[in-house]
Every structure is written in structure tokens, then in C-alpha cells.
Amino acid sequence: MTETHSGARPTIKQRMADLSTFWNSRSRPQQWVLLIPVVAFLFALPVLNPPIITTEPATDFPIALFSAAVLALIAIGLNVVIGQAGLLDLGYVGFFAIGAYSAALLSSPDSVLGIRLSWIAIVPIAMVATMISGVILGTPTLRLRGDYLAIVTLGFGEIDRLLADNIEPLRGNRGFQDIARPGGTYPDGSPIFTQTDALGFYWLAVAIIIIVLMFMGNLERSRVGRAWIAVREDEDAAELTGVPTYKFKIWAFAIGAAVGGLSGTLFAAQVGYVNNQRFDVTTSILYLAAVVLGGSGNKVGVIVGAFLVSYIPDRFQFEPQYRFLVFGLALIILMAFRPQGLLGMRQHLLTYGRQAYARLFGAGTAVRPTGLSPSTRATGDLPEVTPDDHAGTSPRGGGE
Amino acid sequence: MIRRRLAAAGALVAAVALVLSGCANQEGGQQQGGGPQAGAPAQPSDAVLPAGNGQGRCAPGTSIGYAGTIAGQNAALGIAIVNAAQLAVDQHNQANPNCQVTLVRADTGGTPDTATGPVTALINNPQVLGLVGLPFSGESRAVGPALNAAGIVNITPSATNPGLTQNGWTNFFRGLGNDAVQGPAIGRYIQQRLNAQKVCIIKDDSDYGIGLAGTVTQALGPAASCQVDVKTNQREFSAVIGQVQQQAPQAIFYSGYYQEAAPLIQQLRDAGVQTTFIGPDGVKDEQYVVNAAGSADGSLLSCPCVPQEGFTDFSNAYRQAFGVAPQTYSAESYDATTILLRGLDQGIADRPGLLNHVRNYNGQGLTKRFQWGPTGELTNTPVWMYRVQGNTIVTDTQIG
Amino acid sequence: MTAAVPALPHCRPTDRPRTPSYPPGGGCPTSPPERVISVLDLAALDPGALAPLVVHAEPWINFDVGLLVDRFWANTINGLAYGSVYALIALGYTLVYGVLQLINFAHSEIFVIGVFGVYLTFVALGFEPGAIPNLPLAAIILDLVLAGLVAMAVAGLAAIGLERVAYRPLRRRNAPRLAFLITAIGASFVIQQVIRIWRGSNPEGTIRLLPPSPAFTIFGAPVTNLQIVIILASIAMFVVTDRFVNGSRLGRGIRAVAQDPATATLMGVNRERVITITFLVGGVLAGVAALFYLMTIPQGAVYNGGFLLGIKAFTAAVLGGIGNLRGALLGGLILGVAENYGQSLFGGDWRDVVAFVLLVLVLMFRPTGILGESLARARA
């Protein structure tokens, strides 16, 4: 499927490209204005409860959306590690677990600590704890490359889960009950954040996602973001040009971990109960699936990917026997048709991109990053890239 | 006294069953979902059955729910429960043309986090008046507060953690004895009947396994001289067996499910360990005998349920409907469903009504007499010891 | 039954060190009054509160050196036998990785297909689940060989099928490597679920043709006939594979593609054919592993039975040096033995932790695994 535009009907690819051109040629305030209805729609989604899309009656729609939002947050965090810095992390669930367990230990009556912090106090503690654990995990492992890093992180993720099982105070399968939820009541006095009414939780999650996205966007355009991309594209070249690659890899790990921890606290608060059951390798790999499915490196893409990974099994909840079969088939089919992910990563100049493009091609022209063929590339657009072609050199290329 | 009377009743039932099992088998061919007809043999003579008197009346659309794993982890246990519930509903519907009840299935996946969505959907479905499930203690704890707040009666056929009834939930009823009933009975049996002064307790990492091992250890006191841990899904036990061999115990108690118990006992016997092997209700399953092949011979299996021989009709109908023998907790699920159906037949059309019905219920089921105390524990729970003889599980004696 | 209250596990004082109050007349100790601590009140988090995390009445980890020494040889032999199964599966991971740089996460499901191949062959031969067959040795060996051949064929074909259906379209489209990973996961889900829907979620009943019996002892540790068969046959399979990859014309093709696909293609190596053969060899080895696994663990025929083994085998492959055949063998055996030592030393539930910690430690000091060379250079 190359760029053969037969007839007048524009292909989907072309339409996407046009949309992307349109989007990128807007100024930032214009983009903000355009985003308002989208965000409003997202906030209204659980209330609208559209037919066909809804997961009810088999499973509660706001809760399904909340799970999707938590997974989206996880995917955004994992995207920093995989999509931005090009480090294949198969143990990301470990950070999620540390976040959830922090919430449990600090607020459950079952905890040996015997204290009960409020949720809002737990969040920063959990994020710091996961960040520290990210550094602890990253310091020895980030010297490894490619798939060796993948398996070591997988091992660490498993060790996390097994320790939660083996170490008595972490209660293993028995778990922690009654974990603190955010406060707040509706005007009639009933609490907003409960287990069965995920509306408040969903809104909270979407708000957090927006804040994290803004933070990530700025980070991407900063020196740190550029360093990550340099590491991703060619670690040796980056090192030679003076980028302290090791340091920035650890930063990627720590920031990714903090977002993972944040999502863990959200999850623990909504369920109100944490035990060791949700932190296995399969879950970790599903996180990866969310990132890759949506388009590793593309923030909007990973959100879409996360939505699908969380939503498909929920949507087929009415036929439980077959829902994971459907899910597996969906993964294969989506990957077969969109190997780069649903929204592939685009690469354009980051920090001063707007100004640079404006000067080169005149104002209003923006990045039109669809071209794979030399002809489009000649117009100044940069091609879609596949991060993984570069993500970590293979071990023997590592020059050991 | 009650115990003695029950023992006598059990023995009588067993005898009747033996005499009449031939008839049951003859009828088996035409009993497809029809359930025991009037005067059907082979169950406690006064057992309440789903079919009732055929005069049940209820509003169309009246539903009861099953929440538990169907396709997730440990699906086998959940399927054994949901199948039995379905069988009860089918038998009921066939006998009661004026009360057609629907069983709404919600697949919780067996884990706390995935349970909240489907369970909330059940809560929000006004036609669901009562709930059979949830099979596991972890997920029960997670969604228990929500179910309690909704005031929807919840009978669990298999969650045995004693803590579940200590939460002040008014809607929660346990359809079997908890670990605090079974554990001391097992401890007494091991010490008094087996005269074992040195016992190895092998436990898995499930909530069930840990909880029960705790009560048995407590009951045994210093006799519980060695504690061995295994993991769920472990299949190779050579190192664990080495630990047991070194201790040379006089009895081995396995606290967990049959999936691990079967390979464990086989490998123990292969290694030449001929020590008496005792398992709880999680092991008492035909699958244990089949999967351990000859090695299960002589195993002692305790269960807070009256002898199986008492309800061949149920076993036959189950086998006919699903092609396999009923498994652990199938009969409990059948009884629990029956109790809910009895209430619906009386014309109860709302949740508080059904909750009251269960709270005040007093009747004989297949597995035991059902009457609950204020916390939702059964007022009397017989514990029986069974023995594997050749390829069948036979009744040994009542132990509590 | 409220009399047995002190026996309630959740009421054990050890669980709640700060619960002093047992209510009169039985029942559980009530929870301590909740202390709601605000952000500003963090000073209340005294370090002493962390003490229970470290000190606990009932130890959750042991250091039983006596047991380790006592069981050393038995653990070694059992570990080698079980590690052989790891090694055979690991060979499949390593071969595919060597040629495609692809972590074939669906390989564990190929193994499960092999397990069901063995099992259903037994059933087809007329063995009843749960029964103990009484046959002459020759007949048993013949049946086992037949089952093994079926498993090799089924698993080999399944591997080729997987490659054709799932991976080849991606390769055609020049997909990034992560896409393969996700497809592998999708395929893994599909195969598992199809088996589950077809055969149910219970393990199949036990059919055991060759019960283990001690053949001789080494330093007091019994070695069973089964273990001898498995260890020797696994090493034989390894030698055959090694000879095939390093000695045959096709094997040279595999190494060539592993080293440099583009150049190999230019030199007239049919890359697609090499890839097909690589998957075939991996699948066949998984079939052999399936036979040995089911002989060791007759309860192993279940839809999700490959998952843990797959992770372990992959760990073994990386431990030895992924892409390296000898590394896979060595990694498998080391992992099998180390797990057993770890269980004796630390307690039964530390098995998997030991495996993964070992992996991390090895990679810290040897970043490409113990033997650490690639398939292309694995030349004697």
C-alpha cells in the first residue's frame, strides 16, 4: 500500500495527512481553542453513554472508561520510556504496583503502618517512591541494551509482584481493604468518589491526563526531550555529540515511573482494595500493547491505543467466553494493518519547529509528516519513523 | 447433640442413596434439566430443590446474578459455580411456567480490579434481585462494600475467608463453613485420630490457602512443626518435597486447591513419601483423583459439606447438562441459587424483600441445612472427612 | 462458631501489631481508631512505624543452609532434569531471536500445542485418564516415541503456521520490531483461548506411561529412569540441533541470515525459507520438550500451562546469551538447578524470585549473558 492516490477520492491516509497539516498550521492558542470541544466531549462521554459504544449492561460504562483512562495514563508514562527514549520496558507494571501498594500501605487499616493518610497526601509520596524505585532499577540496568534491558525489566516487574506475595506485611493475595479515596461530596452530601460511581474518578483521571500531557509536551520540547530522541535514534552518536545518555535514560525511567505510580494510586483508590493479582507479566505486556498499538512515540496515539486495549475486553464482556479471543484477534489484525501503530510517530523539529518551518516554507505551511516516498520527503517533510528500528541496538551490535 | 443427629441423618441419607442410586441412574436418561420429580430419590428427604412446587409466580424479567470468574484466572472454579447456578435456574424455569427467572452472568475475571465494573453493572440492573458469588475472597472484599450499600443479597458459594463476615455487611451470606470452622476440625482430626505429633503444613499463596493454613496451624499448636510454601500454578515440587523429607512428618496437610495438590501428591509418592496426606475442600474434587492418578489413594479430604452420595440426582443432571461431573462448590452454588429462587417464587419483587427472605431462611439444602446467624455465617456447619479409595472419594467420618 | 476466635488468621496479633482490644464475648479485635493524617501532619510518620516491615514474628524468608547442603545432590539432579525442559524450549526462543531479533512470545503456546499433541496421542492410543497402564517396556517406549513424533510434527507445523499467518505479513510490510512483539502477544492470546474453548479450563486427566523409579543413586540422591531419559535425550536433541545449525547447508543459511540478512539474500540464501526452517526447528524442539514435560508433570495439559514455563525458558535463553544455542542449554540447566537450591535455602515460595534475581545479577556482570555470543558466530 504505497501512496497511489487513485481518482478523486482521497485515501484515509491522505485525509489524516490533511488533518495533520491543518492541525500543525494552527498557532498554539488556536489549537487550545479547537481542543475545548474535544475535551468537553471526553468529559461528557460517561454521561452521554452512547448506545453501541457503551459497555452496558454487561459492565458499568463509567468504570470501563475509568479503566481506560488509567491505562491511558500508564501508556503516557510508558511512552516516555519506550516512545521517547527508546528503552523497551517490560516490567512497567512494577511501578504501577509500587504506586498502588504505597496507597495501600499508607491508608488501609490492614497495613502494618497503622496510619491513614488522605488520598491527596498519598499521591506525592507514591510518586516520589516510584521515582526512587525507577532510579534504583535504572541505575544498574540501563547500561544494558535492547532486548537485554527488556528481559531485565520483565524480571524486576516479576520480582516486585513476587515480593508482594512473599513478604508477610505486604499481605500477598489477602490484600489491603478500604484504601483511601479522594474526598469531596455532591451538593446532596453523597460522596463523589465511590467504587460503584466512577464518574468522579473518570473526570479526575481525565484531568490528570491533561495535566500530565501538558507537562510531557513541554518536556518533549525541552533539552531533555531532545536528548531522549537523540538516545533513541542513535545512542552512540548521542554520546559522541555530548549528550550524557546514561543520565537522560535514568531521567526517562524516573519520570515514566512517577506517572506509573500516579496511575497506581488512582487505581487503588477506585477499587479500594489492592492485592497481588493484577501485577503480572501479562498486564505489563498489555501496557506495552497499548503503547505500540496506538503508535509508540505519539502521545495522542498511545491514548487511543490504551483506550482500545482496555475497552475491547470490556465491550465483549457480554460474551465472556470469547472476549479474550476477540481481543487477541484484534491485536493481530490491528498490527497487520497498522504496523506503525494507529497514529504513527511523526517527527518534526521540536523546539523551534514552528519558526523554522515558517521561515523555510512560508507562514501557514506546517509539517506534513506523512511522506514515505522520496518525492514527499523532498518537499521538506520528514518521514514517519519507526522508533524500534533504532530502539536499542541488538546485543551483538552493542560492541561487547 | 445437633452434631450427632446430623451425623445420623447423613448416614441415613448415604444409605438411602446407595439403595436408590440404581433408580437415579435409570432415570438419568430423561432428566435433561427436568430436575428431580416428585418423589425423586437420592437426596436429603426434605431438601429444598429449585423446581419447588411449580406454583411460583414472579414478574417477567426477574433476574438473579452470578458474579465471578468465567474466562479469567482460575476459570475452572468459577465455571463449576456458574454452571450449577444455571442448572438450578433451568430446572426452576421448567417447573414453574409462571416464573421465568434469568441468570445474569458477570465475568469478574477473578481479580478485584476487574470485578468492580461488572458488579456495578449488576447493581445498576434493577431486575437483578440477588447475587450468587463471588467465588474468591479477594474480589469479595473488593466489591463487598458496594454490594452492601446497594442492599443486594449476596450468597457466596465458595469464599471462605473468615474476615468477610466481620465487615458489618448486612447482605453477605456464606453458603459454607469458613476457615475458622474447618481449620480447628482438621487440627483435631490430625492430632486425635491420626495421633500425629509432627505435621507439615504446605500452603499455596492464595487467600484461601494462607487463611486455612493459619487456622490449622493454630489448632495444631506445636505439632505444626514445619511450614512449606508453594505457589499457585506451580507444578514441579522436588525441592519442596526435599524439605518435607528432611522433616519426616507424621502427616502432611496441604492448604490450597486441587490443581497443585494433584501433582504434589503424585510427586510426593514418587519420591517415596508415604505420609498421610490431608487436604481441604479446595482439594476435594474428582479432578484431584483423576489428575493424581493412583497417587491420591488414601488421601484424606475434609469439607464443610455433607456427603456427596446424598445428591446423585444433582450430579446426574449436572453431568448431563455440562458433560462433566460437578466440581468443588457446584453443589453449594446450586443450593444458594435455590434459596434465592424460592424467594422469587413467593412473589418477592424487590431487593430488600429477597434480602429478608434469605436472612430468615431456614431449610435443608443438598449440602447442609441453611440458616444464617446475624453476621451471615451459617448457624451450623458440619465438617466431614472424606477418603480417596481407589478412584473414588468416599465418606469417612464427621469431624466437626 | 464464634468460639474459635483466637484462631482467626486475620485476628492474629502479628497481623495487626497495634490492635490491643479484643472485644468482650469474642469476635475479632476491633480495628484501631483510624488516625487521619493530613499532609502537614507527616511528622506523625515516625520511623518506628516501619519496624514491622522488617521484624516479624513469623519469618517469611529462611536461610536454611543445612537443608541446602542436605539436599544438594538431589536438587542438582532434579534441577538438571527440569532444566532440560527449560533448555529445549529456550532453544526455540534463541533460534528465532538469532535470526529475526524477535522475542517470540507465542513460543510458549507452540509448546502447549505440543503438550496437547502428546496428550491426545495418548488418548488416541486408548489410554484412560487416571488409569495406570500395565504394558511391556517396549510397548511403552514405542508409544512415547510415537507421541513425541506427533508432538514434534504438530508443534513444528503450528510454529510455521504462526510465522505464516502472524509474522510474515508484518515482515512484508517492513513493520517495526515492537509490532512483532504485539502480534506475538495477540497470537498467544488467540491460541490459549482457542484451546480453552475447545478443551475447557481444567487440566486434562493424568495419563502416565512411565512412572519414575529410582535407577541408581549419586551421593545418596536417587536418580530416576525418567530423569536419565530426559537429561540424555535433551542433550542429544541439543547436539543434533547444534550439528544442524553449525554443520549443515541449511544451518549455514540460518547463520548467514542471522549475521546479515541483506548480504545473505544477495549471496543466494532464500531468507523466507531460512525463517520457515528456523520456526520449524524451534517448534520441533518445543514438541520434544512437551513430551518430556508431560512425562514429568502428567497434569500439565492445560490451556495456560505454557505461560510460566515460557517466561522461564526465555529467562534461561537470555541467561545463557540469547541467540546462542549453547547458551540456551547452559541457561536452562543453570536455571533449573538454581531454582531448586534457592527453594531449599530461602523457602519454597522463593523459587521464581531466585530465577529472576539470578538473571539480573548475571546480566549486571555479563551484559550479554553467560556465553554471550550470537547465533551467527556460534561456530566451534
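Residue numbering begins at 1 within each chain, and the chains themselves are lettered A, B and C in the order written.
Heads up, the rule we're going with is that a contact is a pair of C-beta atoms (placed from the backbone, for glycine too) under 8 Å apart; a residue touches a chain by one contact, two chains touch by 3 or more.
Because the structure is predicted, anything quoted here is derived from the model rather than measured.
Chemist: Where are there more C-beta contacts: A-B or B-C?
Modeler: Ranking A-B and B-C by C-beta contacts puts B-C first.
Chemist: Going by C-alpha centres, which chain would you call the most central?
Modeler: Answer by centroid distance: C.
Chemist: Averaging over Cα atoms per chain, report the distance between chain A and chain C in Å.
Modeler: 29
Chemist: Report the inter-centroid distance (CA atoms only) between chain A and chain B in whole Å.
Modeler: Centre-to-centre distance between chain A and chain B: 42 Å.
Chemist: Express in whole angstrom the distance between the two chain centres, defined as the mean CA positions of chain B and chain C.
Modeler: Computed value for the inter-centroid distance: 32 Å.
Chemist: Could you check chain C for residues that touch two or more other chains and list them?
Modeler: Where chain C meets two or more other chains at a single residue, that happens at 10, 193, 349, 352.
Chemist: Indicate the residues of chain A shared as contacts by at least two other chains.
Modeler: Where chain A meets two or more other chains at a single residue, that happens at 165-166, 174, 321, 324.
Chemist: Enumerate the residues of chain B that touch no fewer than two other chains.
Modeler: Residues 71, 161, 205, 210-211, 229, 231.
Chemist: Going by the contact rule set out above, which residues of chain B touch chain C in the complex?
Modeler: 71, 75-76, 79, 161-163, 166, 177-181, 183-184, 202, 205, 210-211, 214-215, 218-219, 228-231, 233-236, 238-240, 242-243, 246, 259, 262-263, 266, 270, 287, 289-294, 324, 327, 377, 381, 391
Chemist: In the complex, go through chain C and note every residue touching chain B.
Modeler: 1, 4-10, 12, 27-28, 67, 70-71, 74-75, 78-79, 82, 129-132, 193, 196, 200-203, 205-206, 208, 211-212, 224, 296-300, 305, 308, 339-340, 343-344, 347-349, 351-352
Chemist: Given the complex with chain B, which residues does chain A contribute to the contact?
Modeler: 55-60, 63-64, 67, 165-166, 172-175, 177-178, 194-196, 198, 267, 270-275, 277-278, 314, 317, 320-321, 323-324
Chemist: Over in the complex, which chain B residues touch chain A? Could you list them?
Modeler: Residues in contact with chain A: 70-71, 73, 105-107, 110-114, 116-121, 123-125, 137-138, 141-143, 145-146, 149-150, 161, 167, 205-207, 210-211, 229, 231.
Chemist: Under the definition above, what is the set of chain C residues touching chain A in their complex?
Modeler: For this pair, the touching residues of chain C are 10, 15-18, 31-32, 34-39, 42, 44-45, 49-50, 52-53, 56, 58, 60-61, 97, 101, 103, 105, 166, 169-170, 173-179, 181-183, 185-190, 192-194, 197, 307, 311, 314-315, 318, 322-323, 349-350, 352-353, 356-357, 359-360, 363-364, 367-369, 372-374, 376-377.
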